[in-house]
Every structure is written in C-alpha cells, then in structure tokens.
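One chain, chain A, appears in both complexes that follow, with chain B as partner in the first and chain C in the second.
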Partner chain A sequence: MVEDSANMKTESALAKLPKSPGFWKETWHRFRKRKMAMLALVYVILMAIVAIFSPAIVGTKPVIASYKGDIYFPCLGYYSPRWEAVFTKDKFRKVYPKNLKEKDPDSWAIWPLVFNDPHRRLEENEWPGRPKNPQNGPPSSDNFFGTDKGRVDVFAQVVHGTRTALLVGFVSMGIASLIGISMGAMAGFFGGWVDIIISRIIEVVMCIPTLILILALIAVIEQPEIWHMMIVIGVTGWTGIARLTRAEFLKLKQMEYVAAARVLGVPQFRIIYKYLLPNALAPVLVPITFGIAAAILIESGLSYLGFGAPPPNPSWGKLLQLGRQSYQNWWLILFPGLSIFVTVLAYNLIGEGLQEATDPRLREGGSRE
Partner chain B sequence: MRIRVQSSLLLLAFSLVVVFSGCPSKPSPSSSGGTKSSRPKEPLLPESFETTPVEELEATIEWDTPVEWEDRLVYSALARFREQQAAKKVPATEEAVLKLKNDSDESNDKILGTLGRLHESGELIDYDAEIKLLLPSDIKSTNPVMQSSTYEGWVIGMTGLGFFNFDEKMSPYAPAEYVVSWQTSKDKLYDKVVIRDDLVWSDGTPITAHDVEFSYRLIMDERVPIPAVRTGMESIKDVKAHNDYTLIYSHSESLATNVWNLNFPVIPKHIYEKSVEEDPTLGKSKHHLKYEENPVCGGPYQFLKRAKGQEIILERREDWYMRDGKQVRPKPHFKTLRFRVITDSNTALLALKNGDVEDMEFQPEQWVEQTNDSDFYRLNTKARGVQWVYYYFGWNCKIPLFEDVKVRRAMSYCVDYDHILETLCYGLYPPCTSEYHEDSWAGPEKPRAPYKQDFDKAEALLEEAGWIDRDGDGIREKMINGKKVKFEFTIMCANQQLRVDICTSLKDSLDRIGIVCRVRPTEFTVMQEKARAHEFQALFGGWGTGTDPFTTENLWKTDEGRNFCDYSNKRVDELFEKAKYELEQDKRAVSYREIDDILWEEQPYTWLYYRSAFYGFNKKLRGYQFSPRGPFSYGPGFDSIWAVAD
Partner chain C sequence: MLSYLIRRIAIGAITLLLITFVIYGLIRNIPGTPLTVNMAESDPSKELSKERQEQLEAAYGLDKPWQKAYWIWLGNVFTGDLGTSFSHNKPVLELIADRLGPTLLLSIPSLFLAYVLSIPMGIYCSARSDHVDERVLSTILYMLYSFPSFVAALFLQLWLAVELEWFPLFQMTSDNFDELTTFEQVKDLAWHAAMPMTCYTYASLAYFSRFVRANLQEVLRQDYIRTARAKGLGPIRVLWHHGFRNTLIPLVTLIGLTLPSLLSGSVIIEQIFSWPGMGMQFFLAILERDYPTIMGLTLMFSFITLLSQLIADVLYAFVDPRVRLESK
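Entry: the complex of A and B
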C-alpha cells in the first residue's frame, strides 16, 4: 500500500517537475523538515536583525530627527561621531529629548523602541517623566534586565552586545572559511607535494592555542580592538574547514564530470571554482556554523577575563564579568548568560541540521527515493 | 654645583606600587613585636641594659667641626599606644560591639574604640594564635635588601630589623626595642644611634653596628642589583660603626629630610660578607640560594615555610624577645603569621567570609553591598578610617593635546565628579583638592573648592585654546604646525573594574563635547613602564602619601623619575630646592603650599578623591587603628594587633 502510494506520488511529481531539484534545493528541503534547526535559524536571523538595528531598538538618540529644516540620523552616532556632529556643535551633549525641543521647537523625532543607553546612565527627566536609572536596580518596567552599579541599563547592553557577538562569529569564521576553503581546495585538487605541505601547515596551526595567542597579542598590540581578536580566531580556526574541503575535493575530483572537463581543456581554476567548489561547499558549512558558536564563546570568555572589546563597547561576556564582581545582582548573570547559551545552542543546532541535511548517510531511510 | 636630587623614600616607592596595583597598603613597618602581658606598665628599657655613654663616645670621634647634638625620640610604640588608650574611654562592651553592624559613624567609632585597643591583662591574649593575612601578590625575594613591592615590604617588615619608624602623625622616632639613644646634630649633618646589645640574628649571632655598616656598603655597591631600597640613600655620605653598638650616619647635605633616608634594611654581615664577592647578584650561588630559602632574620619573626604563589608562613622568634631566660622585649602577639596569596578581590572576600584570611581591604562595592549580611558578620567585623591615598587623571603635559593649561583645566571641568564619587565609589571617598592632604602640615590653609562638572566652561576653554570642530566630523581639531590634529587620545588605567569604570565615565563625558577618549586597561607592570617612559597620553593612577612632602619632589620637579606627566615649572623646581634646605617646618610649609597652589592652578593632574581605608577584620582580632598610611604601616601598626583568647 505504502509503496503504491509512494510510487503514485513520484509519478505525479515527475510529471509536474520537468527538472530534478538541485543539490542546494534538496538540502534546504531536508533542512526545513528539522524543527529544531529551523527554530534555531529563525532565532539567528532574529538576532541578526536585532544586531543590525540595535541603535533603533534601544538607545537615547533619535532614529530620525528633523532639526532646523534638515533630516538627521543621530542613532548612527553609535557607530561614528560624524552622524551627531551638528548636535555636538549645538551643545546637545547627547541629551536629545529636551534639547531638540528647546533649540528648535519645530523639530520632530522618531525615537528608538526603548529609551535607554548601553554606554551611560540615564539621568532624571532625560526622557520627560522618567526617573533616573537606579544603581544595581533589579529588573523593572523601565529597565527590563535591571541596571549595573554604574546605573547603566543591562537590557541596552545586552541588545547592543548582540552586535559584538554576531560580528565576532561572522567575521572570524568568514576569515577562517576563506583561508580554509582555499587551502583545502588546493590540497585536495593538486595533491602531491602541495597536499603534503598544506597538510603539515594544517597540523602546525592546529597546535596553536587560540586563547593564549590572543592574550599574547593583546599585550603586544598598542591599541587592541575587537578586530584583532576576530582576525586571530579566524587565522587559527580554519583547519577543520580545510580538512573537510580537502576530503571533498579528493572525492569529487575523481568524478567523471571532472574528467570530462579536463579532457575538454577547462582551466584548472575554473574546474576548482565552478565545478568542484559548489559541490564541496555544503558539508563545509557544518564546521563553519560550529566555528561561529565557538568564536562567540571565545569572545565571551575573553571579555569575562577582562581582555575583550575595549570599554565601553558592551559585550555579553563583559556583563558576566560585572556579575561576577557584583554577585548579589543575579540579573547581571542571568540575561547575558542566557543570551550566550541560546545563541551558541542555536548555531550548534543549525550546524547539526546542516550536517544531517547534506550527508546522505544520515538521511532517513528512503523517504525520498 | 649640581645638587644631587634626593629622590623619594622607599616608602613612597612602596605606596606607588600599592596604589597602582590597587591593594591595601601596609608597607614595611619596622616591627617591634607586642607588649608583655605580665607587666602592662613596663619601663621603656630593661634595667640590665648597658652601653657606652654618649659623652665618652664623643671624645673618641674626630669631628670636622664641633657638633651640637639634639636628642631624638626613642620610645616603645606599644607603650605609647597604651598610654594614649588609657586616656580614652571604652565606648561600649565588646559583646555589644561584636553584634554591631558598621553602618554609621557612630558604630564605626564604637568598633574602633572598643576593639582597637591593646589588652589590659595577659589572660585575654592568645599568644599561641596564628593570624592569616591576605597577601595580594607573592613576594619575589626574602632578602630585605632585594624588596621592591609593597607586599615584600609587609613580609620583610615582620622578619627584618628597623631602627627607625614613624607614628600615626608621621613623626619619626626610633623604636626602643632596638635603639638605646638617637641624636641628630643641630645642622642635621650627623645622626648618632646607639643600638641595644641584646639583639641576635636568628642563627644566634649578635646583631652589631658592623652589620649596619656592612649593609649600607652592600646596598650602595653598584655590582649588587638592588631594585628599590637604594633610592634616597645617595644622600647618605657614610655609615660608620664606631664601636659594636654605636653608629654614626653622616649626610652629604644639611637637610631636614635626612632622617627619612636612615631606615635601610639590615642583613647579617657574617652570612654575606664573603659570599657577596663571589656572587654579587645575591641570588645565584649555592650559598645565597640556601639563605634565600631560609634567611637569617633579625626581626620578631622568621621564615618557617614558603610555597611560592600560595602562602608564606612566619614563626615567632623566641630569642628575639627572650635573653638568658629573661624577657627583654615585648612578646610578639602571634605565634605564626600565615600570609595567603590571593590576587583576586572576590576570592579574597570569600576567603575572609570563610575565615581563611582574617583581614582585607575592601573595594567600595564590597563595603556597601557585599559585607552587610550575617554571612559576613558571622566571623568578621569591619572598620574604616582615613587614608591619604589620592587618585587622579594625569595629562601628559608634553604632547600637543595637553600642553596648554586651558585644555587641562577644560578636562577638569568635564569630569563627572558626582558620578565617580557618589555612584562608582558609593559616596565612600572624599574629594581630593590638593597635592598635600588638608590635614597634613603642608596642606592648604583653607580647604579648596573642588572642581565641578561644567561643560559650558570646558567648551569655552577648549575653544579659546583653538580646539573646534571645523570639518563637521563631530570631533574637535586644531591645526598644529600645518597639520590637522584631532582631539583623540587614549587613557591608560590598571585593569580593575572600578578604575575602568572611572575612565569610562570620563570617556562618556568627553564624548558629549566632541572629544574621543579611548580607555585602555593595561597590565600593571606595562603601565608603570609606559608611564616612566612618558609613552602615554593620559593615565588614571594614584599615589600614597610619603612621610614628608619632600617625597613629592620626584613627582613634580622637571625630569624626575616619577614625573610621569613630564610636568615642568621653573618656580616649582625652585620652591622644592628652597624647601629642601629649610630646616624649620613652618618655613618649609610655606614653600610646599605655594607649590600646591601652582599645581592646582595648572592642573597637570585632575585630582579626584582620597581612597579612605575600608577594612574587614576577623572577630578574634583586636588592636587595629588607622593612620594616613592605613592600619599597618606606621608605629605600632601591625604590632598592636592581637588575637583574643577563647
């Protein structure tokens, strides 16, 4: 019965679809079936949105303001002081609600969803009618995640810290994939002494302890920025990716279509990038996703140790460190801790989902055959 | 003639380390042990004591010019402490005070007034007690001449000899436990000290004046790599053992401050005399390594055990206070001292709550938030007092950004004092408005009004100085030598939460008026190196008070070693010179006050606050009091602390 109906389905599907689905489409199809992985993906996308729009979600600077006839985006001042130059010149001193009205009664502004600042405390009546942030205040309707001992809102710090966390994950793994995939591709494709040399390099790099290298680097660099950390994580974290790419290439280059391409005289680099890489990429996504999770953990760990992003850049790890010193304030530990945990979990779930979706051996027996 | 600039006392060097590393300060107290229990009102000197009379001595020395001597104070700090306490009433019973929470001035006075006393009778004291002291960083060497950090000062203060000390008002004296008499010539060129003849090293060899002379020569020997204690001793011309127990110190110049250079560490001549020739590093030869492990000590305690990075255990020397079956000196209050090395202040607080350490200096947050519960008061109580340790933002006066005094004043107007003092420091620390403390003899006559945050004044000053945002990038700039310089700088501070928070508050304030300030938490040793080399733009640091205002010479005179900010003012240099050669305190104070006024006018520092002393003590401890240099580093200091018997 079951077989019959399956056959029927296949036939009707074949009739409808003239082309068979491609590898990526099929992977996506299988990935979509995994509820946890999908949930994680939605979460990560949500986090990315939060990260990108953090100044508009929580901040003290208007998202859009009309001031003396011009339109400004002061919230971008969180990225560069240039966006606030006019207001700095007009002695706003970063206090917008009052000054906008005072200095230009015709002005209007669209405010962030939550009025609070990740870098500094809120004074009384900075937002009309709002009390000043309490010191070590527990979660409340004004400060969703409480405040720290400098009276800075924790919710604002967690939201703006998302940027740091995701940036570290993506940039460092971006660097790692770039190095890993090209190294792996070369090793797998050319084989011979190229393979031997690259394999040895991989082994050497694997021996470098990332954390200690970062700590050493921070001591040496004059002006350590979060970018240095990302570069170090990227430059040391590509080995897994390279090994997988190499294995895929070793396998794929034996395929008939590659042989055909060679016979036709297709240049080697074209074979690598056009013929082999797209087919080798899917399994490589798995270590990249796991790598992002690991990078976030490393960043949090470093910030926790006090070697993270320079102040006042908010970061989850830094909040945790504050929580360790002010251990009576549980909210300093719970919320950033939860953020780290859930985000790392989400990446790991995505990685796992990808792994199962791309590896034919892990497919559920014959559901699509 | 080029006058050799006398650099600061070792003491100031110590305080520097303390402040930079943010740890409690109890530098090298010249320990003199405890008080005998059986005879509370003992005479200052045992009767059996004999020595050469001063007059006889005089006849045998050939002086360049006739010397007129003035007697200096020689007393037992413990006896004096007991006299002082007799005049004070006990405000409450111990039982009541131990139940008290230190949440007001009144309860603090009660706690200090009741618990901060010496025992009235010997039955109360537990002479077999062990005290577990917090050591925020391990020591490098056990050799007194090799000490360079505060913590080495603490440990070696217990095992080493010190013929000079100062009281809680920072007046110098010689402890009667070691010294019979001390005289200074009227012109301050000579000091004559007669030491007691009943002192022995821990190996039984008598301690004599020859050891002192030998130590002086060893410290001044260029071949020996002495890290810190040589500082200030250049001004001593010579130290001569006139006979076994009489010492003559001669100074190169007639200065009121000569007295502060006398207290150098003393090591046994019979151990090091030959070996120093073979191994001038004092740390390489087998012989030296043996004595590094197990040094011969002259103080009330000796080394029992040392586990590097973990703990140091000292034990009381019976032959320090007993001589031929008779007690010749007060018995030190503890049988063993256990220094526990704990670098992290959170861990230290946990250890205190568990009774694993019995004293510690608190961070403001710890005092206000983390030591009010029964968990803390179960084993401990806490007390506070003044401490003359000030913190500041230092501006590098040689770089284009801060060379203009207007800019430095603008910086001082930007600082959010209210936030720093009231929020970050929980309102525990008083503001600092002078180089010399208001209560010291060199301090300003009328208290100054502190700077207040005033952005209007700050911006006006910056504009006057030419720092204006002309290109509309939100950052002020100025054309200097045809080049556009943006007002961007980095502030360096030790990597400790409170300090980072304070610098971040500055960053936030400057951000509001178009100045970019980056906060750079820096490891302590790196920070010190950079500060010395002037390789920084701004820094956040602190200084503990020296015993005399002359110790600030190397902070403010042109090109001095600790003049991190490269400050230079001719008048200040002159005034320091003037004050140096003045022998009367009142006249010296006039010069120091003028220096203070100039510094306040020019703001090479933005003075922020005094870090008062906030300490936790185990309930079994008694006898602690506070001085401007904290609860330990003066006479009697640690020596007055004792443990109550069960």
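Entry: the complex of A and C
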C-alpha cells in the first residue's frame, strides 16, 4: 500500500515535470525569434498561396461557372486542359465571357480577380468595355506590369510564373535531397569502400561547373519539358546535402545510443532510418533551403538563356530575356527581376535562420552550456 | 607531406579522367552534330550530300563510337593537342587563349577589389556588432549577397546605360576602337568593363565580408580573447592582433578556392554584356556542338578546380601549424 502510493507520487511528480522540448520544437522555438526569417517564411507561404491560386488571381477562365445546368471550374484549365473539355467541345476557343452568355443565357460565372491571360493576348471587348492589350504597353490600370511585344499581359505572366518557380524549387530540391541524403547516409554510416566511392562521385559532380553540366544535360533531351529541367537541376544539386549528411552520420554513429542499438541487434537499415536520420535531418535542412533559392535562380537563368521550359509555361527568366531584346520596355525586366530577387532573398533568410537555430555554437548564452 | 601530395595528385587524376569521360559521353549524345547544326542554320538548301558528310565525319572522327573517340581524344591531350575547333577552324588552345584575356580583364580587378574592400568591412561589422550602422551595413550586404547577379546586370543596364546613358550597354570595345590612341583605348575598355565588373565584384564582396565577419565573431568567442581583454588590452589591439590574425587561416583557403572563378567567367553575365570571354565561348560551343572546344574548356575548368582545392588544403597546412597533412 505504502509503496504503491509512493509510486503514484513519483509518477504524478514526473507527469508534472515539464517535458523537455524535442530537437525540432527547440529549433522552431529559436527560429521563431528571428524576425527576418519569420517574415521570409510568411512571404514564402504567401507565394505558395499565390502560386496555387494563380488561375483564380489572374486569368480569363471563370473560377466557377454554371453552364447548361452544371457547375464547372474552367480556371483549372491552366493546370490541365481536361478541366475545360466541355468548353473546348462547345467551341469556346478560350474566350469565355461572350461565349458563356451566347451559348447559355442562364449561365453565371465567378471571374478571377484580374481579367487577363498569361499565355495569349487579350482582344478588344473580350471583357465588355475593355480595350485590347497594347503592344509593348507600359504599366497601366488594365495591365499592371505592362505588356510584351506579343501583347501578352506581364502581370499575368509574373503571377503564373510563381507556379513555375515554386515547382522548380521544391521538386528539384526534393530530388536532390533524396539523392543527397541517401548517398551521404550510406557514405557516413558504412565508411570504407562505400565512402571512398561516394566521395569520389561527389567530387566529380562538384568539379564540373553546374551550369555547364545542366546545359549539356538539357541539350541531350530532344524536347525538354519543365519536368526534365527539374530532374536535371535535382541530379546536379545534391552534393552539398550529401556532404553534410555524411558528416552528421560520421558524428552520430559514434554516439552511445547507436552502439546500444547495435548491441541489441537492431538491423542496420533500421539504425540508419530510425536512429540516425531524424537527428541528422535538421542541419541538412539548411543546404536544402539554400538549394531551393539556387534552383529558382538556375531555372530563371536557363530560361533567360533560352534553355528553359517550353511555352506555354510562363517563367520569370523568359520575361527577362524578352526585356533584354528591347531595353526601353523596362517593365519586362524590373518586375520579374524583383520577383526573383525577393524570392531568393526569402529562401536565403530562412536558410540562415535555420542555420542559426540548429547550430549549437550560436545559441544564446555562449558556446558552453 | 610528399606522400600526401602524391596520393592527392593520383586521386585528382582519376577524378579528372572520370569528369572528362562523363562530359564526352554527354556531349556526343546531344542530338545534332557540328556538321548538321551549322548547315541547318546557314541555309537548309546547302545541306551536305551524304558522301561529303561521311567524308567530313571521318575527318573529324565522328564516325567512331564515342567510347572509342574518347580514348583518341585523351591520347591527343597527352601529346598536348586539344584538337581543332569545328566552328572556328582554329586550334582549341588558341581559341581559349583568345578568350582568356577578356575574362581575366574582368575577374582579376573584381576579385582584388572584393578582397581589399571586404576585409575592412568585415572587421568593421564585427567591431560595431549590434550598433545601428553595423545593422544597416550588414543588411545591405545581405541584400547584395542575395541579389542574383544576372538580375543586377540587367538592372544596371536599364539604369546606367539606358536611362542615364553613362555607360555603354554592351560589348567590350566601341566600334571605332582601332582608330583610338592607346590612352583612349584603355579608357574605352575601362568604360565598357565598368558594369560587368561591378556585377562580379558586388557578389563576391558581399560573400567575402560576411565570411570575414562570421569567422571573426567565431574567434572573438574564444577564451584567449577574453584573456586578452582581461589583461587590459585595447579593443583595437584585441581585434587586430588577437582576433583578425586568426581569421586569416580560413581566408587564405578561400583565396585558393576562388581561383577557378578567375578563369571560368560567368556564362550569363558574359552573355548579357556580350563580353567575349570564356563563359560566352562555352555557351556558344554547346550551341554549335563544337566538341573539341567543349572538351578543352571542361578539361581546363576541372583541372583548375581540382588544383585549387589541393592548393587550398596545402595552404591550410602551411598557415596553420596545428594541421598536419598525412595520409591516413
């Protein structure tokens, strides 16, 4: 009886003790204190929202339309033409406002916030009372960021270009992280020959100037699509991640708890996966974040050089290229240029915030705790 | 030391072999050959007859599978022959030598400027840590560090060349360059080099000064700095004698690692300013499928990269007596 109550007491006392925060929670706690990094995080989240909802922000296709008794979401046609199959069949030719009224007087539609198209020019009265897009027009109330020489709205292209930038950043770095983390983990954990071979591969990839490797790889593909570009950026950008993962694994595998796991007979794969990886991941996030910024830069650089994704994918780099052909159209350079800059800056700030949040030497209270 | 060097050189040679092999395989698999690309561009009706094409392919060694052609190329490299450029009809070595000048004209002064300016800036930022002026300077440096250089190049062109018309928009020299006196020629070159040089400089300047500052702050956290302060040394003496001197070690390594960027140039910056340097040549060579030139440039870049890594490591051991280079 007495023993029981004593046990109960220690248990309740233990329960009352504040749980020591986990590594991730602590990192987040420290990251949150950095105002600029948090601001950058907010920007990146906002950009993701803009990217996802870009067809609802700028477009010529209704967000929701009621047509012949059914409800449609034609704006998703910017993602895949399947979503506007009905309208293609009814010969809308991508011009919605007039055709909707003509072919079904009872129809109604909710339009995107700004009526303009990232892929094609706007003709006269396409939207009741709106003039056609001017050629090389400066910024105006109809075309916030002006128009290019094909009379296509630049604002629409910049907004839809966020999708390309976001996708390239995340997908290519996803691929790079997958390769980098598994290569680095293997090299760090197994050591010996595996390490020597992987380290050589890393060295080879690092020694070839990135842009040259990417240009050569893209030139090999006959009709490159945006996916190819992401894969190419991914398979060339993993070396930094691999090196850091390797270093973390080399350090972590010496720890007592790993030795204990080995003695207990935990399979090697499980040690890598469950015991080492979660602890190695936080520092690895830093090169991944910087890598996203680099990937966005590479994508816009390639698009600028004319090696980018084929039309109709709008891209900030492509706008810059148009701008370089005729400098008097400054809006073709200024707006996409600023978008690239702010986005890269945001990812760099997040990366630095993470670096300082995960680096124990930089914690407040000095290096010795 | 010697055994370490031999080992490193051997590993480097293998790496170099691997790199050139991979790139050779890659470029030979790019659709189109130097013959077809050139012809299609100039005039479709001028397409070569089949016999003539085969004749030329045999002359250029394009009829052999790339694995075989690679070994022939490698053998030629060992005799000092990098081949002849397809599109320029000139030995690759000569072509590279032609392009080296313009690239060095930009890279050497900008790297020098970046170093000279970044060290005082980095020290200043450390010394005035957490003051308003340091915050402002650091923020500006961070912005510059994140500013993509090709975007900056286009912005500079818009502002300084188109809007204010202070600098020429692109190219390395004016059209009447040959008629100018030597003094005017130098002035003309400097005029044209100003904007691209700014683009090269600001990025490395921001990077280096952040590097100096980070290292200095790391050093300032050490015990011996506290001891120096406790002895009653003045802040300047602590910063310069005890602090900065110890940050020289990583700085020296950084010098080694920036060596390749001296020669490689930047594809995009050179393209924007129509600057006839190495980066531009590489870009053109890929477009023209000029295999010998691509290979020559790749060989040079990777050789210099590997060499600079080796130099950095050796320098590191040289300036820091705690580091010993030994083969494990």
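Please note the rule applied: the second predicted complex is superposed on the first by the 347 of 369 C-alpha atoms of A that agree within 3 Å, B and C clash if a C-alpha of one lies under 4 Å from a C-alpha of the other, contacts with A are read in each partner's own complex, and residues count from 1 in each chain.
Everything below uses one rule, namely that contacts are C-beta pairs under 8 Å (C-beta built on N, C-alpha and C of every residue); 3 or more make two chains touch, one makes a residue touch a chain.
Quick caveat: nothing in here was measured; it's all calculated off a predicted structure.
Shared-chain residue A:Y327: touches chain B and chain C both. Look at A:L217: by the touch rule set out above, it reaches chain C but stays clear of chain B. Of the two partner chains, chain B is the only one that A:R82 touches; chain C does not reach it. Contacts of A:E124 after superposition on the shared chain: neither chain B nor chain C is touched.
When the shared chain is aligned, chain C comes close enough to touch A:E203, but chain B does not.
In the superposition on chain A, A:K94 makes contact with chain B only, not with chain C. In the superposed model, A:E102 makes contact with neither chain B nor chain C. Taken together, the two structures place residues 219, 324, 327-328 of chain A in contact with chain B in one case and with chain C in the other.
Within the complex formed with chain B, the chain A residues making contact are 77, 80-86, 88-89, 91, 93-94, 119-121, 135-136, 149-151, 219, 223, 306, 310-312, 321-322, 324-328. Remark: chain B residues 346, 365, 369-370, 419, 423-424, 455, 459, 469, 472-475, 490, 495, 497, 500-501, 503-505, 507-508, 511-514, 516, 518-521, 523, 526 touch chain A in the complex.
Chain C makes touch with chain A in their complex at residues 11, 14-15, 18-19, 22-23, 26-27, 29-31, 142-143, 145-148, 150-151, 154-155, 157-158, 161-162, 169, 218, 221, 264, 267-268, 271-272, 282-283, 286, 294, 297-298, 301-302, 305-306.
Across the interface of their complex, chain C is touched by residues 200, 203-204, 206-209, 211-213, 215-217, 219-220, 222, 293, 297, 300-301, 304-305, 320, 323-324, 327-328, 330, 333-334, 337, 340-341, 344-345, 348-349, 361, 366-367 of chain A.
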